[in-house]
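Just dropping this structure here.
Order as written gives the chain letters A, B, C, D, E and F; numbering starts at 1 within each chain.
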Amino acid sequence: MAKRGSTDRGFTARLDLRNGAVEMGHGAGGRAMAQLIDELFQRHLDNPLLRQHNDQALFTPPPGRLVISTDGHVITPLFFPGGDIGSLAVHGTINDVAMAGARPLYLAAGFVLEEGFPLADLDRLVASMAAASRSAGVPIVTGDTKVVERGKGDGCFITTTGLGVVPDGVAISGDQARPGDAVLVSGSLGDHGVAILSQREGLGFATEIRSDSAALHDLVAAMVAAVPGIHCLRDPTRGGLATTLNELARQSGVGMRLREAAIPIQPAVAAACELLGLDPLYVANEGKLVAICAADDADILLAAMRAHPLGAQAARIGEVVADPHRFVQMETRFGGQRIVDWLAGEPLPRIC
Amino acid sequence: MAKRGSTDRGFTARLDLRNGAVEMGHGAGGRAMAQLIDELFQRHLDNPLLRQHNDQALFTPPPGRLVISTDGHVITPLFFPGGDIGSLAVHGTINDVAMAGARPLYLAAGFVLEEGFPLADLDRLVASMAAASRSAGVPIVTGDTKVVERGKGDGCFITTTGLGVVPDGVAISGDQARPGDAVLVSGSLGDHGVAILSQREGLGFATEIRSDSAALHDLVAAMVAAVPGIHCLRDPTRGGLATTLNELARQSGVGMRLREAAIPIQPAVAAACELLGLDPLYVANEGKLVAICAADDADILLAAMRAHPLGAQAARIGEVVADPHRFVQMETRFGGQRIVDWLAGEPLPRIC
Amino acid sequence: MCLAIPAQIIAIEADGRSATVALGGIHKAVSLALIEDAVVGDYVLLHVGYALSKISAEEAERTLALMVEAGLFETAPAAPDAR
Amino acid sequence: MCLAIPAQIIAIEADGRSATVALGGIHKAVSLALIEDAVVGDYVLLHVGYALSKISAEEAERTLALMVEAGLFETAPAAPDAR
Amino acid sequence: MRYVDEFRDQDLARGLAAAIAAAVEPDREYRLMEFCGGHTHAVFRHGIPDLMPSNLRFLHGPGCPVCVLPMARLDQAIRLALEHPVTLCTYGDLLRVPATGGQTLFKAKAAGADVRLIYSTQDALALARRDPDRQVVFLAIGFETTTPPTAVAIETARAEGLANFSVLCNHVLTPPALRAILASQDSGGLRIDGILGPSHVSTLIGSEAYRFVPDEFGLPIVIAGFEPLDVMHATLMLVDQINRGPVRVDNQYRRAVTASGNAKALALMAEVFTRRAAFEWRGLGVLPDSALAIAEPYADFDAERCFAVRVAPGREVKGCDCASVLRGVKTPTDCRLFGRVCTPDNPLGACMVSSEGACAAYWSYGRFRGAGATGQVA
Amino acid sequence: MRYVDEFRDQDLARGLAAAIAAAVEPDREYRLMEFCGGHTHAVFRHGIPDLMPSNLRFLHGPGCPVCVLPMARLDQAIRLALEHPVTLCTYGDLLRVPATGGQTLFKAKAAGADVRLIYSTQDALALARRDPDRQVVFLAIGFETTTPPTAVAIETARAEGLANFSVLCNHVLTPPALRAILASQDSGGLRIDGILGPSHVSTLIGSEAYRFVPDEFGLPIVIAGFEPLDVMHATLMLVDQINRGPVRVDNQYRRAVTASGNAKALALMAEVFTRRAAFEWRGLGVLPDSALAIAEPYADFDAERCFAVRVAPGREVKGCDCASVLRGVKTPTDCRLFGRVCTPDNPLGACMVSSEGACAAYWSYGRFRGAGATGQVA
């Protein structure tokens, strides 16, 4: 039960973080919402900017170019091996900022909570968010909470927006890939997606695989220090490596040629994909990046990546080629050729 | 039916904006999502930064202090008299940025769409968003789209994040209210909430009342130009005027005393509130602001507000007082005194 | 208890069982199932979507007149300090 | 059609109708309702959650040996240009 | 708004205040009970106490149907919503009212029960028509005012053959409650000098329904409208009766209330409902002939008969003085929980939830006057 | 993975490729039909055509149960899901397949139908057990491989008395389809030199089930595993039969396939199902004795009998050559819609949806080889 007794901020009873649930009133703007913010969000995420208690955070940015990126996070289940929606929402947006070669400065977080969502779960995932934010050194400086009726949400959605500053001389963009460039990945592919699938009811397989969810800005900083002239960086999230490479090919107006044997995939991920009829190249990652750089820079960049814990399994997997069709092709491990197309629809487990 | 035939970006059939609906594949990261972005979002919202086609937007901010603010927008119905969730998502976040006295620079938008949501509705509300953004002069420079299964969302949620620059010398914050200060509002209260209620099934009353949804940054610029030393600005959204004043009282450690007779409320809003047993002071606004300034500045500020179309009905409604209890009190139109408390729970229509 | 509010009938459906009322610029559909002989122009007391009774204009006038009279009788100079 | 994959039985439930199989580091529960005499250690062909048949290690070896033999017979120097 | 604005006029209020001040006899105490929560609400919302002489006091009565609903009945409705595949619909007033263990209909909804807010019984019928495969239960509460709309709904459901509609009936009657309050005066430490009689209830049952107040208890009663001038005017009329007699039923709210009430609505109520032999009121205990049940010919629409839901005795919150507050014996600020652990954000008793509840009114409008709160305006 | 990795070895592939190249007679054409979509998929996924001599060609057969499901049957399932209060569950393969008018189960789900992806019939049973008030219909498709799991589910439902579970049965049999293809050779402009026989189907029904291929049609057949080395090895075996005879049923996939198949599973199928007199196959038309219905003793679990869903003839998309592609008469790139309006993102025919469909395989893995696509690597 809630502990009774006045609290210092004028709330009569503390939030019941053990047995309580999100109610419509928690989003209505009144004292219940103020209490939720104080006793849950503020408690975990506390920092001087958030403590301003205004509807916005005020700060003086370092000089230079800034980047802004936003991502909605919707995931089932909310807690999964290797992370939860809270840490994911921090990592996902930090990564999108970092993919411009930027140093992330601040995050903003908007929550859409479903009526009935256990406060204990909310507390746990906001704590996880706070831990991820602290360990990344990127504070959450402003936020918002909405509550929707039961049946009109799915527990918790989190939209995070990140702001970062781009070092001078860095000009990383998806349209910079050039024929001859090297294509690198920072580690094994498909871990996140398989970790999520392993939790899905019905599919129910057990695996040691954990989500790779991680903040990549520190790895990126090391990479940019080693090769300031990186052409493209992108995190192969939804749609997997295949879709990310097709995006980059389309944006840059080039083709790519991969070597299947060079693409790092964990055996358990490969096995899960065989079982479900999925292709690991289309499975989501949340702590990996694709880098494209001039062929001459590739060895230096690969060495810098491998020297960082988040890039230990980094590999050079192919090269950029001229191709008016912008095809991503692959030499199969077996010695043949195939196209690696965009993802079509959602990747669904299949029996055929 | 969809028009068939290759489109320039490699999609085989155009999006069916007449009869189509959001499908899970539109959020899966593949070509369907790329097409949705190209043919719907990009088409309406087009601007150079968005056209970078990266996962983030890169820009050089003007010198000075910046503010960042984020807000999730969840509303039923999505289209309502005077606006829709698209324009609301633009106005709401512009306003939160403007309430720091800032000039809004850029917006980021994250969509969470429910499977089955008509593409025609999405098209309409993104068009409305684009119009609101253009007319406010604040471009949407980056975005994100997620799709959730039917029954796990409510058509469309939009989280917008805004970035703005604060003019030198401006230091507006919710903790700056001082005893003796004047309390002003920019116009009549409760219009947005009543317009929404009028659409609610069951309550079904007809009214000319339209949502006041509007971007207030231009009004704020005029106000800051007239009185750079404004103490507090806040938009009385969820929870209405009552809750906003209580927030400010709590933040500044003061009380307030209002005059009911001075508070502008449209007759139809008053009537709807009588009918439903609601108090207009607790009803949401989306195009109004509360300003608190030194008593000596009040007339200048009021004049500046009234000179702006969005502040034509501005009024001075009370003053800040010293009060350890931080009560917001009101002299009733009838001549008595009452407390104007925080909103408790959600405001519900009642029969008693 | 019993939030009820005066509203004026501005239209009556053909079946005589429901009507549209106006109050302060808003319109609302109401049931007439509980009152008799209502005509357009009548004020009714509206509660949970039903007209509960008609409001008598004459009685309202008379009541207001009585209030005015009571107040006039005790003139302003003697206004009490209520607190 | 018919995505099926070899997996090794690592445990059989007491009722004999279901088992846990392992493949490439993952574990999965499967039904044994369609095969007979399965024992722990057997490899089975797994399809939609059911073991469809056992895999014969001897036959697999023999097939591989045949493949090796076929390939050895035609030696590398004569490798054709496949395109 | 016509018939509203005129009755909120500040000048007339000043005049009536002066008249009341002049009328009260200085060494006499005037303890007037407003039976209705509507009066309580008006008194506080408009700040009427500020306009009254210090020897005139309003006592708040049990006239809020939300406040007097016994916990067990609410427990029953919540259990019905949670344990049966039904859509339970009711007025907004009830959704936040705490039942046993702090449970509410709102929490039940958050936990997955299909609970809907409706504004009118017509909405409940519409829900039932729209989904014939779904049982729709209307949780009915209210005094005589709110009862005829429920009767219309039941009538309509029978006429249309709406087999999936039923009503969980908690309608109660005001005269028995008022009688119980008056009868308890001596033993209960309560002294009442006059009654502000029900406003909208009286439009239905007529002012003559309260003749027992002067006849049996020798007390003045004035049927009063809910606008602030109505309250002040009726107060003046009560003071006059108290000062000069004879005690009688006066009707201040003549524009809407007649002596005999609304015959059409009363006939419909008599057709659809029957009196319960006894019914529990929160604060007042079990009162004979004080509530309605659905009459035999309409039994198919009676949720109590359609669904088997056990009713255990409700468990009141320890320390909550609602029962005394409802009888006018205590004021909200006498309750040790008031404002410290019981607030509208965290209500422990119904009186803190209902807009008409005395505790909510004290908190929302009058707290700065209360004990412990100093809140002086600078 | 054991029994997988060994059969994907690149060195062995090189050896087999050399052996095939050496074995083929230079002036002879080898047109080998892989009956199964599984083979089609393996051929393209691993790039096998790049390793084949130019006078050896793979023809893609009708062995994809998704591709051969006639539109009308899918229309029926979609209508059932939309018009009845049921939970329709099926394998992921079917969800995106276009039915009449471009409708799909996925779109029906987006429009509010309760459509669920399951991985196993055990999941369908679990859904039915969990919500006994809800009808759960399993939309069953598949060849002999996938049929026994459906039989187990029906058996289990009967044993448990699961009254809310039923199956919409679309199981079909491979030998009649292969027979129909072979019989149509002369008239259909098709010439086949040998058959890569079903892999996993054969684990169930045994290699002897295909004896009619040499006996009645004088053609070689080799039952082949789905791994790329299996396909190459079986190809070598076919080339050898073609060159030297005698034509016979060879079994390359001995590690999983026996001559007589899985007796236990076959007995269960015989118990639960009965042969339909005739059934429509997409592309192949109505074939006698080619499909299964639920047997009389299990009629309670037959969704076709439990729910009245009309089946109008499906409307195929104009210009879609699926029917010819499924018979091996055309290759996907012969279809005028291929890649221009029909792609995996906007599939017009089932062959473009199913991972085993020839059109999807051509698009996903082989497009750059196809007509009109130049895509040379720089």
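Please note the rule applied: a residue touches a chain if its C-beta (ideal position, glycine included) is under 8 Å from a C-beta of that chain, and two chains touch if they have at least 3 such contacts.
These are the chains along with the protein names UniProt gives them: A, B = Hydrogenase expression/formation protein HypE; C, D = HypC/HybG/HupF family hydrogenase formation chaperone; E, F = Hydrogenase maturation factor.
Predicted model only: the values in this text are computed from it and were never measured.
Participant: Quick one: which chains contact chain C and chain E both?
Facilitator: Where chain C and chain E share a partner, that partner set is B.
Participant: Considering only mean CA positions as chain centres, point out the chain farthest from chain E.
Facilitator: Farthest by centroid: D.
Participant: Farthest from chain A by Cα centre, which chain is it? Let me know.
Facilitator: The most distant chain relative to chain A turns out to be C.
Participant: Given the contact rule stated at the top, which pair of chains has the most C-beta pairs in contact?
Facilitator: Ranked by C-beta contact count, first place goes to A-B.
Participant: Could you please state the distance in Å, as a whole number, between where the Cα atoms of chain B are centred and where those of chain C are centred?
Facilitator: 37
Participant: For chain A and chain E, what's the span in angstrom between their mean Cα positions?
Facilitator: Result: the chain centres lie 55 Å from each other.
Participant: For chain E, give me the residues that contact two or more of the other chains.
Facilitator: Within chain E, residues 1, 4, 14, 37-38, 50-51, 64-66, 91, 106, 119-120, 123, 142, 146, 343, 345, 356 contact more than one other chain.
Participant: What residues in chain D touch two or more of the other chains?
Facilitator: 1-3, 5, 23-24, 47-48
Participant: What residues in chain B touch two or more of the other chains?
Facilitator: Answer for chain B, listing residues that touch two or more other chains: 23-25, 30-32, 267, 270-271, 274, 277, 342, 344-345, 350-352.
Participant: Every touching chain pair, please?
Facilitator: All chain pairs meeting the touch criterion are A-B, A-D, A-E, A-F, B-C, B-E, B-F, C-E, D-F.
Participant: Spell out the residues on chain B that touch chain F in their complex, using ranges where they run on.
Facilitator: Those residues of chain B that touch chain F are 1, 4-6, 11-13, 21-25, 30-32, 35, 115-116, 150.
Participant: Please output the residues of chain E touching chain C within their complex, sorted ascending.
Facilitator: Those in contact with chain C are residues 1-4, 6-7, 11-12, 14-19, 21-22, 36-38, 50-54, 63-66, 91, 119-123, 142-143, 145-146, 148-149, 152, 199-201, 203-204, 226, 229-230, 233, 236, 252-257, 262, 264-265, 268, 356.
Participant: What part of chain F is in contact with chain B in the complex they form?
Facilitator: Chain F residues touching chain B: 102, 106-107, 109-112, 339-343, 345-346.
Participant: What part of chain D is in contact with chain F in the complex they form?
Facilitator: 1-6, 8, 23-24, 31, 33-36, 43, 45, 47-50, 52-57, 59-60, 62-64, 66-68, 70-76, 78-80, 82-83
Participant: Considering only the defined contacts, which chain B positions touch chain E in the complex?
Facilitator: Within the complex, chain B touches chain E at residues 179, 201-203, 255, 257, 267, 270-271, 274, 276-277, 321-325, 327, 329, 331-339, 341-342, 344-345, 348-352.
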